Amino acid sequence: MSATIHKRSRKAGLPPGTPVHIGVPRAAASVITLMGYDGENLVERRAATVDECLAARGRHAVAWVNVEGVHDVALLERLAPASGLHPLVVEDIANTAQRPKLEDYGETLYVVLRMLYYDESRHELKSEQVSLILGIDFVLSFQEGLEGDVFDAVRERLRTAKGRLRREGADFLLYSLMDAVVDSYFGVLERLSERIETLDERLERNHVAELSRPLHRLKREMIWLRKSVWPVRELLMSLERGETTLVRSATRVYLKDIYDHTVEVIETVETYRDVLAGMLENHLTLITNRLNEVMKVLTVISTIFIPLTFVTGIYGMNFRHMPELDWPWAYPAVLGAMVALGAGLFVYFRRKKWL
Amino acid sequence: MSATIHKRSRKAGLPPGTPVHIGVPRAAASVITLMGYDGENLVERRAATVDECLAARGRHAVAWVNVEGVHDVALLERLAPASGLHPLVVEDIANTAQRPKLEDYGETLYVVLRMLYYDESRHELKSEQVSLILGIDFVLSFQEGLEGDVFDAVRERLRTAKGRLRREGADFLLYSLMDAVVDSYFGVLERLSERIETLDERLERNHVAELSRPLHRLKREMIWLRKSVWPVRELLMSLERGETTLVRSATRVYLKDIYDHTVEVIETVETYRDVLAGMLENHLTLITNRLNEVMKVLTVISTIFIPLTFVTGIYGMNFRHMPELDWPWAYPAVLGAMVALGAGLFVYFRRKKWL
Amino acid sequence: MSATIHKRSRKAGLPPGTPVHIGVPRAAASVITLMGYDGENLVERRAATVDECLAARGRHAVAWVNVEGVHDVALLERLAPASGLHPLVVEDIANTAQRPKLEDYGETLYVVLRMLYYDESRHELKSEQVSLILGIDFVLSFQEGLEGDVFDAVRERLRTAKGRLRREGADFLLYSLMDAVVDSYFGVLERLSERIETLDERLERNHVAELSRPLHRLKREMIWLRKSVWPVRELLMSLERGETTLVRSATRVYLKDIYDHTVEVIETVETYRDVLAGMLENHLTLITNRLNEVMKVLTVISTIFIPLTFVTGIYGMNFRHMPELDWPWAYPAVLGAMVALGAGLFVYFRRKKWL
Amino acid sequence: MSATIHKRSRKAGLPPGTPVHIGVPRAAASVITLMGYDGENLVERRAATVDECLAARGRHAVAWVNVEGVHDVALLERLAPASGLHPLVVEDIANTAQRPKLEDYGETLYVVLRMLYYDESRHELKSEQVSLILGIDFVLSFQEGLEGDVFDAVRERLRTAKGRLRREGADFLLYSLMDAVVDSYFGVLERLSERIETLDERLERNHVAELSRPLHRLKREMIWLRKSVWPVRELLMSLERGETTLVRSATRVYLKDIYDHTVEVIETVETYRDVLAGMLENHLTLITNRLNEVMKVLTVISTIFIPLTFVTGIYGMNFRHMPELDWPWAYPAVLGAMVALGAGLFVYFRRKKWL
Amino acid sequence: MSATIHKRSRKAGLPPGTPVHIGVPRAAASVITLMGYDGENLVERRAATVDECLAARGRHAVAWVNVEGVHDVALLERLAPASGLHPLVVEDIANTAQRPKLEDYGETLYVVLRMLYYDESRHELKSEQVSLILGIDFVLSFQEGLEGDVFDAVRERLRTAKGRLRREGADFLLYSLMDAVVDSYFGVLERLSERIETLDERLERNHVAELSRPLHRLKREMIWLRKSVWPVRELLMSLERGETTLVRSATRVYLKDIYDHTVEVIETVETYRDVLAGMLENHLTLITNRLNEVMKVLTVISTIFIPLTFVTGIYGMNFRHMPELDWPWAYPAVLGAMVALGAGLFVYFRRKKWL
C-alpha cells in the first residue's frame, strides 16, 4: 500500500488531467481486446489501439473494449481526444490508488471499483483497480492486469449467449462486470472466515502466546478490505437512484441486487471486525489469566518452602548452647512439624482454589 | 455461519436470477401446504407443486402457500414463470444467507426475515431464513424447514377463526406471519438474559477464572443477533410508510406495533451489549485484583522469611572466630530477635492492609 | 428486568390486541379515581369502573381518571369498547415492559413514560410504567401502582387551584403529569451524583480493592436509566412539533420546557457515564500501580537479601580446606562486607525511587 | 456540580413558571446597572429595580440592563409582569443549572450561555450562567455575579465609543456580549493546554507514578467543558439562520464569526480529549513497562543466586560420607564453578536485553 | 500549537474586525508579488503594497497577488478599505490559528486552508495557514511565509503556459492553488506511512520497550493532521455545490477532483489511525507477553531450586540424632533424588510449554 502512496507525491505540481501511472509497474505491454455483440452475432478479437475498437462501435449493438495494463501512459494519452473522455478521467484511470467512485459526465459514466483477491502464496490480501466507462453503446474497462481476471465468467456468458446478457444493452454489460467484481469479495470473505475460525480454535485450545501477530495481521487486512468495499455501497446507491439516462430502469433492479450484495459484504466485514475485537480482548484476558496461573505456582511453592527452609536454617546455626539439638526426638519432631506445616499450607491453597 | 459463506462463492460467475441453494442441505423433500380462507370457509391441504396452489387463488379470499425446504432448486425454478415473480426474487429465496430486506415489485412485495431460536442441545443460537411474498390475494412463505416453526400459532388462529385474522385480507396475514417471527426474538432474548444473570452471579461470587470463554461466546451471539434484527427495523419502517397499495392503512397500525417490538428488541440487545461490556471489564479488573492478592501473599511471605533466613545463614557459617556462638544466651536472643522482626513486619503489613 | 422479559414470551402466538399483563404481579385490586374539574369546581372520588368515570365526562371541563394497577386484565378488556381505544393501546397498557413512546390515534393521544425512583432499602434503581391517554376533555392515566406516586403534587395543585392548571384544558393536565414524571428523574440523578462522589472520594483515598463492584453496579444502573430516558426526548420533540389538534399551541411552550429538562437529564446521564468511565479507568490504573508497589517491595527485599544469604551459604559449607574460616578477622570482615553490600543496594534503590 | 443537582429536585411538584433559585447562594443583594446609549450619548447608572430601567427604554436607542445575582427570587418575580417575559423564562433565569439554549418568544429572544473561568486558587474549572434577553431596543443580562465579569471590555468600548458598537442596535450589543462570553473560553483552553504540556513533560521524563490523578482530573474538566460549550454551537447556528426579525442581517455575519470561534473551541476540546486519551494510554503502557523492568531485576537476581545458594546448601550438608569435602582443591573449584555459572547467566541475560 | 492558543486570548475584549497577528512571529518584512496574465501575456513583479497590485487589476485578465507574511498588521489594516474586504476577513487573515473554512461575501469568496509539511530537522509535522480570496478577476493569497512554498509549481505553469491555467479565469487559479495545497498532504502521508512501516518492523522484531513513545507521538501527529484536513472536505463540498457565480461550472468538475483527493487523504488518515490503534494494542499485548515470559523463567527457577535448597537445609541441620547422616550411601542418594526431582520438574514445565 505504501508503494502507491510514495509515488502519489510525484504528481504534485503537474497540471490537472496529466495521466501519471501510480501503482505497481508491469513489464508486458497493455493488451486490448474487443467483444462486439448483439442478440445474434459476437465478434471477439485483440486490437492494437483503443481508437480502432471505438471505430467499430457502430457495427455492433454493444462494444466492450477491455484494456489490461494501465501503465502505458502513452496509450492513455491518445485515448482522451479520440473517445471524448474528460482528461481527469484519463488521469484517474492511470492512478491505481483511487477509491471506488462514480462520476457522471452526461454522455459517459465513469465507475472505479477495486477487485480483491487473496494471494495464496504470500498470504496477503491484494487489490487491483478496475475502471469502467459506460457509453450509450459501449463499455470500456481498464484493469491493472496483474494476475487473474474476474471477467472470464462474463466472457463465457457472452460467448454461449446464456442468460439475458447478449439480448441486453451496454448498461447490462456494465452491471454484469460490476457484479463480477462484487462477487469476488465473497471469495475474500471466505478466506477471512476460515482464518478467523482457525485462530478461534487455537484460542479455544489456549495457545495464546503465538496468536498476537496473526490476530493483528487479520485485523489490518480487515481495515484495508473495509476501505475498499465501503464506498462501493454509496456508489451503487447513487447509480441506482441517479438521473443518468444511460442506465435503463429494467437494469436498475439488477443494480439494487448488487447493492444488496455489497451491503451484505459490508455487514459481514463489520461483524468480523466485532468478532475479531472480541477475540483480541479474549486473547489479552487469557494472557493475563496465564500470568495469574504462573504467579500462583510461584507463590504456592515459595510460601510452602521459604518458611520451611527458615526452620532448617535455625537448626543449622552453630551456637554452642542449643539444647534442642541434643534431644533424641528433636529431629523427627522438626521433620514432622515441617511436614504438617507444608501439608497445612497445601490444604489452605487448595481451599483457596490456587491449586 | 461460515458454511453459508463458503458456498456463497459458488455463485460467482453465474447469470443473475439463477437460483442456487446456499445453506445447510436438507435430505427430505420440500413440503408445500395451502391454506385458503375467507371469513366463513377454510381449506387446508398439502400440495405437490406451488402452481397447483396458485391456481386455487380465485376460489378463496386469501390463499396462503407455505413451502418448507428451499433446497429444491428445481421447484423454485418452475416457480418463477408461473407466479410472475422476478427471477432475482427466486434466486434470493434459495440463498438462505440473505440479510432481512424488503423489495417492492409493484404487484408483489418481497420480505426476507430471519427466524431465531436457541438450540438447547448444542447451546447455540441458530437462525433460519423466512421469505414472504405478498400478492393482492395471496401470501407465499418459504422456510428452510430445519426444525420447529413459529407459524403454528397463526395456523391455529386461522383454524379457530379467533381474532380478526380470518376476516382480514392477505396483508393482515403477512403482518401476522411477520409478528410471529419478531415474537420469536423475545424467546431468544430471554435465554440471553438468563445466561447473563448466571454469569453475573458467578462474577459476584468471584469465580473469575472460568468466565472468560462463556462471556466472549455470549458476546459473539449478541453480534450475530444484532446482525439479524437490526435491518428488520428499517424494513418495517419502509413497509409502514411505503407507497405500496398492497398494504391497507388499517394494517399499517399493526405494522407500527411490530416496529415498536423490533425497536424494543434492538434496544434490549444494545443494553445487553453494554451490560456485557461492563461484565467483561469487571472480569478483567477482578483478574488483575486477584493477581494483586497473589502477589501480596508472595511478597509478605518473602519479606518476612528471607531476612530471617539470612540471619540463620550468618550463624550457620563455620568461621572459627565467631564469639557470639559461644555466648550462652545468644541462641534465645537471636530467636527472640527473629520473632520480634517477623512480628514487626507482620504488623507493618497489617497496617498497609496487605493482610 | 429479566422478570418482565421472561413473561414477554408468553404473548407469542396470541392475536394482536389481546391484553396480557407483563410485569411484577400485584395482589391488591386496581384502584380507580376520578378528578373532574373546571375553573370553579372540583369533584374527586373513587370509582368502580373506568366506564363509570368516562360517563361523567360531559359534566366537567376536564376529567382525569387515574387507574393504579394494570394487572387486572379483565378491567382493561372492558375498557377498549367503552372508551374507543384501539385494542393495541389496551394491550400496551397491560405490558409494563414498554419503552417510552407516543402514538397519535387522531381522537386520542397515547403516551408511555417510565417513572423512576431509587429503592432506598434495596439500593436499586426501579422503574414503573405510566400510560397516559389524552382525549379532547379527559386524561386517562394508568400506573402499575407499586409504591409511591409522583402525581400527588398535581392533585394538590388541582385541589388548591394554585397556578394555571385548573383554568387550562386536558392538554395542560397531560403536560403537568408528564412534567411530574420527568421531574422524578432529577431525584434519581441526585442519588447517582451522591454515589459517584462517595466512590470518587474512596478512589482519591486509594481504597481500590473494594471499588470494582460498586463502580460496575453504578455503570449498569446508568445503562438502564439511559434506556428509560433517551426515548422521552424524541417523544417530546414529536409531541411539541406534532400535528395533533389535541395539544393547543399555548401548551406547546410548556412541552418545550419539559423537552429542555429531558435534554438536561440525558446530558447529565451522558456526562456521568463519561465520568464513570474515567473512574473505572483510573481504578484499573491504581490497581496496576499498587501491583507495581508490591512488586517493588518484593524485588528490593529479594535483591538485597538473596545475595547476602548466598554469601552466608558459602561460609556455611563444610569443606575441610577453606583457609578463610581460620582467619581471625574473617567473620567481622564478611559481616562488614555484607552490611556494605546491603547498604549500597539500599541507596541504589532509593536513587531509582523504588523506596 | 452536584450542589446544583441536589437542589434541582426541590422544584419537583411546583407549578411551572415559579422561579426557584438553584445554584450557589450569594449573600450580597443583587446589583442592577443600566447603560442607555445611542451614537452620541451614553447614560450609565445603578438602579433599584429592573422596572425602573425598563421605563427608561424610550429615552435611548439601546438600553442595556445588567443584573448581577439571580438569587433574589422576589426581584425576578416582579420582573415577569413588568417586562412581558414568559414566566418560564423567569424560572429559567433563576435556575443556574441550565444548559446553553436559545428560545424565540417573538418579541424577545432568550439566550442562555455559560461563562467559564479557571479558579487559580482552587485549581478548578468554574462556570457561571449568563442569561441574555434581547428586545427591539434593549438587552437584559443576568449573571450569577460570583466573581469577575467578562463584560468589562464591552462596557469600555461603549464608554469610549470605539468600534461600531455605539452606532449599532441592540442586536449588536447582544452579539458583543455573546462574543465576550465565547472569548472567555479561549482563556480556559490556554490553561488546559498548559496543564497538558506540563503533564506531557512529566510523562516524557517517565515520572509515571504520580500522574494518574492529575490526568484523570484534567479529563473530567474536559468533560464539563465540553458539556458547556457543545450546545453553544447549535444555538449560534439557529440564531444565525433563524427567522427572528430582532437580529438584522448585517449582524448575522458577526454571529457567523462567533459560530466559527465556537467550532474552533469545540474542535480544540475534541483534539485535547484525543491527546489526553493517548496520554492516559501511554501512561498505562509506561506503568506496565516499569513493572516489566522491576520483574526483570527480580528474575535476574533470583535466577543467578538461587541456584548458587543451592550449591552452597549441598556442601553445607552434614553427611559423614561426602568425599568432595576432603579434597583440597574442592573449595576453590566450587567457588570457580559458581563464579562461572553466575557470569554465564549474566551474559545470557545481557544478550536477552534484560539488563 | 499551544503558542497560538496562548496568544489567542490577547484578542479577548477587542472590537470585532481588529486584526491581531496570532501565530509564530517572523522578523522579515512581508513580501508582496503580483502575477498578472491572460492567454498571451504575463507580468510578474514585486510590489510595495497590495493597493498597488489591486490597481493593476484592469490591465490583465487575471491578477494574482501573493502576500508572504501576515504578521504585518499595519499592511493588513490598510487592505480592508482598499479591497472592499469585510473587516472580519482581514482579522481572520492575521489570525493564523483558523480552521479551514469557506465564506461567501457575494463579490468575493474567502477560503482558509492549512498547508502541511514535515520538518525533517525537528521530526515534526508543521502547518501554515493559507488564506485565499477570489474576486471576479483576481486572487489574493496570504501565507505565513515561514519556509518553503507549494505554489512554485503553479507559478512555473503560469510562466511556461503549460496546461489550461493561462487560458482560464481567476476561479481556475483558485482551484490550482487549492490543488497545490491538497497535493502537499500526500507528501505528509508518505512520511507517516514510512514511519508506520519502520515502527511496524520493530514491533515484528519484538523490540517493544522503546516503542511506546514514538507510537504515541505518531498518534498525536495523526490527531493534528486530521484536524487540519477534515474541514477541507466540507469546504470543497460547499464550494462545488455552492451558489456563487464566481466559480464557473467548468471549474467545478476540477473542484470535484480535489474533493476526491481530500476524501482519499481523510480515508487514508482514518486507515492509519486504525492501523496505529492496532499497533498500540499489539504493543501492549507484546509487553504483557514479555512479562509472562519473564515470570515463567522466575517461576521455573524458583520452583526447581527452592525445594532442593530446602532439602539441603534439612541435612545441614546440626541435630545430634540424625541417623541418615551416618549412612554411607545417603549423600549420593540425596544427590540423586535432587537430580531426579529437578529433572522431573524440568520435564513438567516443558510439557506445560513454560520452557
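Letters are used for the chains, namely A, B, C, D and E, taken in the order the chains are written, and counting of residues starts over at 1 for each.
We adopt the following convention: a contact is a pair of C-beta atoms (placed from the backbone, for glycine too) under 8 Å apart; a residue touches a chain by one contact, two chains touch by 3 or more.
All values reported here derive from a predicted model rather than from experimental measurement.
> Touching both chain B and chain C, which chains are there?
Touches both chain B and chain C: nothing.
> What's the rotation angle, in degrees and to the nearest 5, for a C-alpha fit of chain B onto chain D?
It works out to 145 degrees.
> Using CA atom averages as chain centres, what separation in Å is found between chain A and chain B?
Their C-alpha centroids are separated by 26 Å.
> Please report how many Å separate the Cα centroid of chain A from that of chain C, as a whole number.
42
> Find every residue in chain B that makes contact with two or more other chains and list them.
If we look for residues of chain B contacting two or more partner chains, we find 284, 288, 291, 295, 298, 302, 306, 309, 313, 316-318, 322.
> Name the shape of the chain contact graph, picking from line, ring, star, complete and other.
Basically the chains close up into a ring.
> Looking at the complex, which residues from chain C come into contact with chain D?
Residues 150, 152-154, 156-157, 162-165, 176, 179-180, 183-184, 186-187, 189-190, 193-194, 196-197, 204, 253-254, 256-257, 260, 263-264, 267-268, 271, 274-275, 278-279, 281-282, 284-286, 288-289, 291-292, 295-296, 298-299, 302-303, 306-307, 309-310, 313-314, 316-322, 353-354 of chain C touch chain D in their complex.
> Under the touch definition given earlier, write down the residues of chain C that touch chain B in their complex.
On the chain C side, the touching residues are 1-2, 5-6, 8-9, 11-18, 86, 88, 97-99, 101, 103, 209, 212-213, 216, 219-220, 223-224, 227, 280, 283-284, 287-288, 290-291, 294-295, 297-298, 301-302, 305-306, 308-309, 312-313, 315-318, 322, 324-331, 334-335.
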